[in-house]
Amino acid sequence: MPDGTLGVALVGHSFMGATHSHAWRTAPRVADLPLGIDMAVVAGRDAGRAKAAAAQLGWRDSTDDWRSVLERDDVDLVDIVTPGDSHCDIAVAALEAGKHVLCEKPLANTVEEAQRMADAARAAATDGVLSMVGFNYRRVPAITLARRLVADGRLGEIRHVRAQYLQDWITDPEFPLVWRLQAERAGSGALGDIGAHIIDLSQFVTGSRITGLTGLTETFVKQRPLPAESAGLSAGAGADGATGEVTVDDAALFLTRFANGALGTFEATRFASGRKNAIRLEVNGSLGSIAFDFEQMNELWFHDHTLPAAEAGFRRIQTSEPDHPYAGLLVPARPRGGLRRGVRPPGRRPGG
Amino acid sequence: MPDGTLGVALVGHSFMGATHSHAWRTAPRVADLPLGIDMAVVAGRDAGRAKAAAAQLGWRDSTDDWRSVLERDDVDLVDIVTPGDSHCDIAVAALEAGKHVLCEKPLANTVEEAQRMADAARAAATDGVLSMVGFNYRRVPAITLARRLVADGRLGEIRHVRAQYLQDWITDPEFPLVWRLQAERAGSGALGDIGAHIIDLSQFVTGSRITGLTGLTETFVKQRPLPAESAGLSAGAGADGATGEVTVDDAALFLTRFANGALGTFEATRFASGRKNAIRLEVNGSLGSIAFDFEQMNELWFHDHTLPAAEAGFRRIQTSEPDHPYAGLLVPARPRGGLRRGVRPPGRRPGG
Amino acid sequence: MPDGTLGVALVGHSFMGATHSHAWRTAPRVADLPLGIDMAVVAGRDAGRAKAAAAQLGWRDSTDDWRSVLERDDVDLVDIVTPGDSHCDIAVAALEAGKHVLCEKPLANTVEEAQRMADAARAAATDGVLSMVGFNYRRVPAITLARRLVADGRLGEIRHVRAQYLQDWITDPEFPLVWRLQAERAGSGALGDIGAHIIDLSQFVTGSRITGLTGLTETFVKQRPLPAESAGLSAGAGADGATGEVTVDDAALFLTRFANGALGTFEATRFASGRKNAIRLEVNGSLGSIAFDFEQMNELWFHDHTLPAAEAGFRRIQTSEPDHPYAGLLVPARPRGGLRRGVRPPGRRPGG
Amino acid sequence: MPDGTLGVALVGHSFMGATHSHAWRTAPRVADLPLGIDMAVVAGRDAGRAKAAAAQLGWRDSTDDWRSVLERDDVDLVDIVTPGDSHCDIAVAALEAGKHVLCEKPLANTVEEAQRMADAARAAATDGVLSMVGFNYRRVPAITLARRLVADGRLGEIRHVRAQYLQDWITDPEFPLVWRLQAERAGSGALGDIGAHIIDLSQFVTGSRITGLTGLTETFVKQRPLPAESAGLSAGAGADGATGEVTVDDAALFLTRFANGALGTFEATRFASGRKNAIRLEVNGSLGSIAFDFEQMNELWFHDHTLPAAEAGFRRIQTSEPDHPYAGLLVPARPRGGLRRGVRPPGRRPGG
């Protein structure tokens, strides 16, 4: 990491690749980072598409050989945004090459792969190599604020966690058999793709781990049309009218117990018509509750159960105030007319 | 008022007549009243319809002569629910007969009539005769709670009042020319029918009077079909295809100043498509704000501006808790399993 | 049932007794019923309190012997609002006496009792005797409208049912050990008291039965103070400082499959701080979704998944329009100025 | 504009400067633009701070002489984000130098200045020079969608416009006398700073112009502490304890008529405790209504008044679907698993 700059390689460049590129590009402009960011190289399976992605997304270089980025001196960190079936190979190789790793979720397609990755990360950590999984929703200001309220004891003893991740993008049975619906690429369906987020968020916010569960999964639509260009399918597929088997879950439901004694209800589905990206988390404790829905991502609802009953209720905290997490970075700030540090913010009273 | 019973006469028996009947019937069953209620007699213009109304709504007797109820010993109070053009005559006569008067709003069709009624009420008051105008929304628990918060100083100095009463029942130009759209019966349109409520509520909640205003009214649909049965229209009308002139306002907008220095914006309209009975009131003060919408009538939103900014926000108070106004009377209570008086209610902590 | 009148006996007269009394008193005044209602007699364990209840709630007569009401010719129907441990005896006796029965939920404290009651109801039905369980929330206009939308095929194939009944009245560990927290009286805790409602509503709205489940229950607070007057407790209890064991569940969670292939998540709890009577039901189907929360009881949310994506979304239907279930009975109507039947309602266009 | 690149100069670099920089940096990466963007130079009053701003915000060059950027060949467009008192001079000079101009609102501090600017823009336009005012909220997807719905006739004849811009950042009387509270710098207070936005949005969405108005302004807090560093104040100010006069409005309220016959109510205030950046716009028409609140910026509420009344209501459109304005640019997209163009989006049915 010479000269105060972090060199980054991105492996993969579609949906999440574009999102990560936006983050790498923006972060040093809006935050005081300890290092500069060098968007060094993007890797893809196809050289031409990787080159086009570099131009569009703002990377200095491109390659069709992800292994080559591990050799580069100008790469300090490998950011993995490929489908789950390649996470393990790339991450382990990167860690062994002494590169920091940021890997998208779900971490791996099997427990065995995940274990190998965790072992590699632990080994590399002794040399100061860092590892991170892309649970991006942790940094939504409302979520970080929720975690802070729990940690400060404002919810008391946690009794209930209620978590849902609801989408509807495959309710149409004619929606094609894309890679996210194939177990060999994606590992699982709703469970790993979106269920992973609410499992993580529930533990991140409450600070407690899931200790047991009972649950079920379901695949509502079992056959789907093959995509016209069978990207990611075995050779021979893709003829018009041809269908293939959906090998992942459409929905996953489970009940859990947490180490702190709380109960959890979880639901991840791609069949909730009308719900686009509804990540809902409600936590009830003996002294208070929080509720969140990503469809109103700039709000945290907080109920202070210690207030007089006649004036208590869930309050809608707009998480864009000066004291909120990541204030001014992620959430549009309102005009403040040059408010200097040290001036009491509006609404703050001496006795408040 | 002999024997601890209040004898009531109802003059009029349609929309508001049914509502008032429900109230007279229910109040003594759900509240500890100082007097019993005797639903003595209902008066209407047509003897047959008045008799049917008495049977349906639960009145002991009926008449087609409202003046006759003023002679009855078993009538202590006259409840006036007729159109505005008869309020003055009935109310003044009742007051002069020594009967208490509850009169629906708008109080009168002209300032002159209102003045006559007020004079009669003041004169009767010296003999202990009581008068009241039917501003029923004052007793919505959320509104009474809002008034209490203002009176307790929780909002500090009042800066803004924002009041709207939005309906949409005459957006269709084919909607007929009913009596509420005729100045000679109704006095005014949206202004008196629904605007009266938000004027009253704004003053009731803030405890301050309007001292000046600027405004405008509009009639969007100026001709409407005459009703098939020309109830309330001059003879000769009612032929199919015939239309008549709308002589009241469809909408009334005004800006006000209050005695306490606050500014007010008011809007009453029957042309807000999709708004059914949206009585909205927001009050902003230096220490807090309240917001209310009758479309969620069991909720008051309260913002405590003295809380730390990071955790402040409008909270949704469900006005059905034991300490709320009229708790257990108007709002369905939840099962409490025999909770005795004296037990600390849920959410109340020793230091709360 | 002579003379077009239904004679009613009420057994029990506390929380639900008052509620049922209000319903019997109001129904004939606001709806066109085929029979008149005679509120004949109320029965309680204590003669004095039963007499006081009769006076307050509007019953003609009272008794401390519920069996005596089965002998009365002026009683056609027995309305049972006692704790669950007496439901079976009263209901079976009433049915055998040829009285119609309306019994509060949960139906019984054991499956055996419920079976006995069902057998008795079936036997009596051959003589035209009717039986009904008090699942009152079915008649919330929004719920009936939801059922109608499902029945009309507007939701298509049902994929998900998401049901919660959240309360918070016993979060305080000092809340006393009332009868609802004792298994011998109440049978169960959250499961039967409130879980019963969401089980019923989910089946009522979807028209499909639960065919299997997995779940768990929990009692968070296991000891509670005995009530000062040990109503419903064994003799000797009630001394200050004494506590007793909570023998029912505080929360019940379960996952289900429905006969129609849908998946269900259910949660009933009395420990959701800040949730007062949150009965939430969401149903997702291939063509649409509905969502409901009793905390906004006059609204049904409906998503029509067949609309163009650019203008689709959950719409808030205020269930107080002329075409809504029970319009004008349960929900306050807005002024309509004499709108005659046959006039097109607002918002209805010829091509609509 | 050689070589398919647009060279940009930014004049000013504080609050809106950072925001515009983010936009210039991001746009070419997320959208297919006809031109590349060259962030050529940033100008400020202080050379050191301008240089630091260039480094932080990503501009190639910096200067303390805004006039110098007019001479540069690598500058095609001048983006003006200074306080209002310098808008006219900079804009007119830039236009006369043949540079395109994007000027922040409020356009000018006086009508005379605005007129001069408009004249200059018209003159320059004959040479192909473009001018634009920074009414950024027009491009909120929900606002653009609202405009489209109106233009498509979905609202019918417009009856009402209800617009509010509510903030609370100066409710504290100890908040200092920053430049936005001084008429000589800012021109006006709430009226120009935030009122300008709702005036523009109301006309942008309805496609109709305001033709007349009545209104009032108010300054609630008339004296405020001088800032410790008297940036933007006359020399000599800034001593501790010193105060100065607030010379702009804290709130502005007005009622309007539109060319299309609609009525408007407008309110802009910085004293609405608890409202952070509440830009609310509701438009009611004969066939439908829309409602928007920037505090839930990703949602447009639409009521289709032509639907059957029993199923009509305001629907919450999440403006992140493929067919929405700026889809995928401004609003986080959800995972789509490689959905190809041409595949029917979810929720679109053949007959839909």
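Letters A, B, C and D mark the chains as written, and numbering starts fresh at 1 in each.
As a convention for this text, a residue touches a chain if its C-beta (ideal position, glycine included) is under 8 Å from a C-beta of that chain, and two chains touch if they have at least 3 such contacts.
Because the structure is a prediction, the values reported are computed rather than measured.
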Chain located farthest away, centre of chain A as origin (C-alpha): B
Mean-CA-position distance for chain C and chain A (Å): 41
Distance between chain centroids, defined by C-alpha means - chain B, chain C (Å): 32
Centre-to-centre distance between chain D and chain C (centres being mean Cα positions), rounded to whole Å: 52
Residues of chain D whose C-beta touches two or more other chains: 168, 171, 273, 287, 299, 303, 305, 312-314, 318, 321, 346-349
Chain-level touch network, classified as line, ring, star, complete or other: complete
Residues on chain D engaged by chain A in the complex (per definition of touch): 14-15, 18-19, 21-22, 25-26, 29-30, 56-58, 167-172, 174-176, 178-181, 193, 227-229, 231-232, 273, 276-277, 295-299, 318, 320-321, 332-340, 343-344, 346-349
Touching residues on chain A, where the partner in the complex is chain C: 159-160, 162, 164, 166, 168, 171, 214-216, 218, 220, 251, 253-255, 257, 261, 263, 265, 267, 269, 271-275, 282, 284-289, 303, 305, 312-314
Touch list for chain A against partner chain B, complex: 145, 149, 287, 299, 302-303, 305-318, 321-324, 345-349, 351-352
